[in-house]
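Below are two complexes that have chain A in common, paired first with chain B and then with chain C.
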Partner chain A sequence: MKGMTVVVKTVSSWVKVLIFLFGIYIILFGHLTPGGGFAGGVILASSYVLLMLAFGRDLVEANLPLPVASKLDCLGAFLFAMIGVLGLVFGGVFFVNFLYQKYVPQEPFDLVSGGAIPLSNMAIGLKVGASLFLVIFALTVFRYDFQDGGRKTAVADGAEQQKE
Partner chain B sequence: MALFYIYILLLFMVIAAIIAVETKDLLSAVICVGAIGFGGSLMFLFLRAPDIAITQIVVEVLGLIILIRATIARDLTFITGDREFFGTVVSVVILLVIVVAGIRVFNTMPEFGVPVFARIPETASQVYISRGLADTGATNVVTSVYLDYRAYDTLGEATVLFTAVIGATAILRSKSRKRLEESEA
Partner chain C sequence: MSVPLPVFVAIPLVAAFVLPVLGKGLKPIATLLANLVTIALLILAVTSIGDSRTYEVGDWSIPLGINLVLDGLSSLLLLAISVVSTAAMLFSIRYMEQYTAKPKYLSLFLLMVAGMNGVVLSGDVFNLYVFLEIASIASYALVGFGCEHEELEASFKYMVLGSIASTFILFGVAMVYANTGSLNMAYISRAVQAMGMNAGLAFALSLFVAGFGLKAALVPFHAWLPDAHPSAPAPISAMLSGVLIKALGVYALARLVFNVFGVSLEVGWVLVALGLASMVAGAFLALGQWDFKRLLAYSSISQIGYVVLGVGLGAVILARETNIAWASLAILGGLFHLLNHSVYKSLLFLTSGSVEMATGTRQMTEMGGLAARMPVTRAACAVASASIAGVPPFPGFWSKLILVLAAVQAQMYWVAAVIVVVSVCTLIMYLKVHRFVFLGELPERLASVRESWGSMTAAMVGLTCVCALMGLLVLVPSLRVGILDPAVSVLTDGLAYSTRLISP
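Right after this comes the complex of A and B.
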């Protein structure tokens, strides 16, 4: 059993790019229009969930391996904390908007405006997307471990894998 | 007109919630929970909060998918057995108390669309709205609040999510590593 029917696979292979692009748009334009890092990150993760549901988890695992996803997660959290520390270094206060009207010339409604806010949005989007991807991946891949736990897991797991 | 739509959506959500509680099929219960979330996001849209509407619909859809994954994987699609009489009575009584208290609270609230803080100048919400663009340069006031004025909140929220994900993957992965070693040995 690998994924769903041909119709689902075809449609999701067209739509996945649009969903991913929409997530990037939501993250990048978070300081101008409704949206932001959290919503955009969840949309990025949902494009991978769509792939996982349509094509099975082997393709997703080959596309975005678990170590890479966890490193992206840590990278997003680290970048977001670094923006706060940079505010402390350049602005004097932790998490101050150190870029605004100081280093970058700014016009309202421009894509490059709002100082450090777009950078924070990107970091949060990376972090939330990778986190939710990891949660769903853990729930779908590691779920055999819950079934009877402990020593018998390996046996039960082998039976499960043969069944699929 | 927006209030009319909101009442219809409320009715829809109440019906969906009742179906979600009463149905024996877990899959349809999950789908009803998703319908409740969808109604909630439409309601936020009618109340002119597009940020929360986007977050609500995205999280609700993804949460629905996770729930369906978890439900189908366990083969627990039907509930068998009756409900406990005592538990049902207690929950109905608690719900009645909450409804009565909620009606009293709603009677003391200000008129819809007229927040209390709008009457007082120099409160935090008024300052955010009037000076948000000048202070932060972000035209979306919500973003200027949660990433500039209240960035500590966002940092705490990100930390909570990070810790939760680390804990979940660490617990799940330790067992799976043991499984891998056993299968290799």
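Right after this comes the complex of A and C.
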């Protein structure tokens, strides 16, 4: 994949940062406004999808190598599980909101009024963003070759990438 | 000792996300960690026997929050899951060296265990669905773990049919929510008692029967199992046949029919019919198989039929309101058979994995005379086969005897006859296994095969001991009262489930 025309490349190089920032905003304000970890994570991944479409796969892979994405994926899920365990440790009940109004008491609808909820949103955002990135990457790597009279065989582009 | 209930889900879940991060050099550590997790779960499951409590996650009380419920039936299933997963994990130490990406395998394995533990503990239908999806999706990936053509095809078929089942279940959950306004099982049960079954709830129940029946591979819905179970790596076949179809299928169905919707004659007869069809069709299809693992897979369909038959007979007798003792007997037979089958079928799949690893084939026609070369595998297979066929001192005999007694007591003599006939077919198919795999001439090609000593034999010996001693669970009264009777009474008490959870 070589990428698209210069117009597309220029515009997407401006827009990619905005999309990424918007994803972060959706995650951080997820407990106050519509959105949250899942929606924000999808937006984060979609900024990479834009890059993948406009510039080709190689640039994206140099920017976020697959082993790193895979580790971020595990880290997000691990952090989310740990928030539940920390609830058990500090609050006595699994997944209890152990930070709620604890250290920085604030009015409802202030930024840090949610206790552990923003932390959960961040963990979920990381998990969803990284795993959706991996899913879309996998979709671009595999393709079908039609050969031997129309028999389909799945081929991985650059098979060495698959053995991460 | 009483640990918080989410620990059963949290330990494997957290470990599952740590393991893939460990790279190639840390593979032994990952393996050790995964084994420690399954052993810890086994210890927790053993200590939680006889316990009965609920847990409100996040301190939100029901019906707003999610609750986890541990009762006799859940702890029975937890015990089965942890015994089989400990043995399968031990077996994987050596067996999975043939494959690449072992940490990913271990991670998916633990995710599947977490999902199953969640299903049996959940007291909330939507949460049950979520855990069911965790376990199912992990198992789709594990079936295709070898990435060969045949395995991917089986995995895809399993995924399509499994997703249809999940969609049925989700639609059923939506119908239940629309009709009762609650997702918590206890509250649904109370609403059903207050307003009776209406058309929407009956439709939801039939969706559940189809969905969970697909997960349990009952006969009209069994098409995926004979492909999926043989294609998976042997320890995973043991997990799938041993506990996945029971935790996701039979347990969930029994819980919903008995504790949430309440038994009725119609549902009872549907379960009996599904059970009989699975028993007969599975047994006759298994007789003709020449692929070792495929034969075991068809035999699983037949054996899951016994479990559903026992539970269904219990439902019919309960709905007739004749004598609750006979219903208890039928359900005891079904649940004991569930426990037995999880142990001996996983043992059989582990022996098949051992044979496949040594000989490099699954075709029984290409084997023979392995008894002298692989004594431990042969002994384990002999004990498990004797048990599944119902040879007297072994547990399979007792569970089938209880089922026959219950069928006779309920004056369904033809059901008793079918149980005996299918048992004879089971004996024939396992004699065939022994004749063609372990006895007869040793082919030239296999003259140098050897037993793989170490973790694989340790897992098989351990499960063989459990299998040989399991008959004590019904023969020793204190064990029966401690382990099986609480599980039976959960089902026979039926709708009392809701009053136990909701203080009036």
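Criterion: the second predicted complex is superposed on the first by the 138 of 164 C-alpha atoms of A that agree within 3 Å, B and C clash if a C-alpha of one lies under 4 Å from a C-alpha of the other, contacts with A are read in each partner's own complex, and residues count from 1 in each chain.
By definition in this document, contacts are C-beta pairs under 8 Å (C-beta built on N, C-alpha and C of every residue); 3 or more make two chains touch, one makes a residue touch a chain.
Remember, it's a predicted structure, so these values are computed and weren't measured experimentally.
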Contacts of A:S70 with chain B and chain C, given as first, second, both or neither: both
Touching partner for A:M4 - first (chain B), second (chain C), both, neither: neither
Chain B versus chain C as contact partner of A:L111, first or second or both or neither: neither
Which of chain B and chain C A:N97 touches, first, second, both or neither: both
Partner, of chain C and chain B, that touches more residues belonging to chain A: B
Which of chain B and chain C A:V15 touches, first, second, both or neither: neither
Touched partner set for A:A81, first chain B, second chain C, both or neither: both
Chain B and chain C contact sites that coincide on chain A, given as residue numbers: 70, 77, 81, 84, 95, 97
Contacting residues of chain A [partner chain C, same complex]: 70-71, 74-75, 77-78, 81-82, 84-85, 87-88, 91, 93-97, 163
Residues of chain A defined as touching chain B within the complex: 26, 30-36, 38-39, 42-43, 45-46, 49, 53, 70, 73, 77, 80-81, 84, 95, 97, 100-101, 106, 108-109, 113-117, 120-121, 124, 127-128, 131-132, 134-136, 138-145, 149, 153-154, 157-158
For the chain C and chain A complex, residues of the former touching the latter: 4, 6-7, 10, 13-14, 17-18, 20-21, 55-59, 100
Partner chain A, residues of chain B touching it in the complex: 50-51, 53-55, 58-59, 61-62, 65-66, 69-70, 73, 133, 136-140, 142-144, 146-148, 151-152, 154-155, 158-159, 161-162, 165, 168-169, 172-173, 175-176, 178-179, 182-183
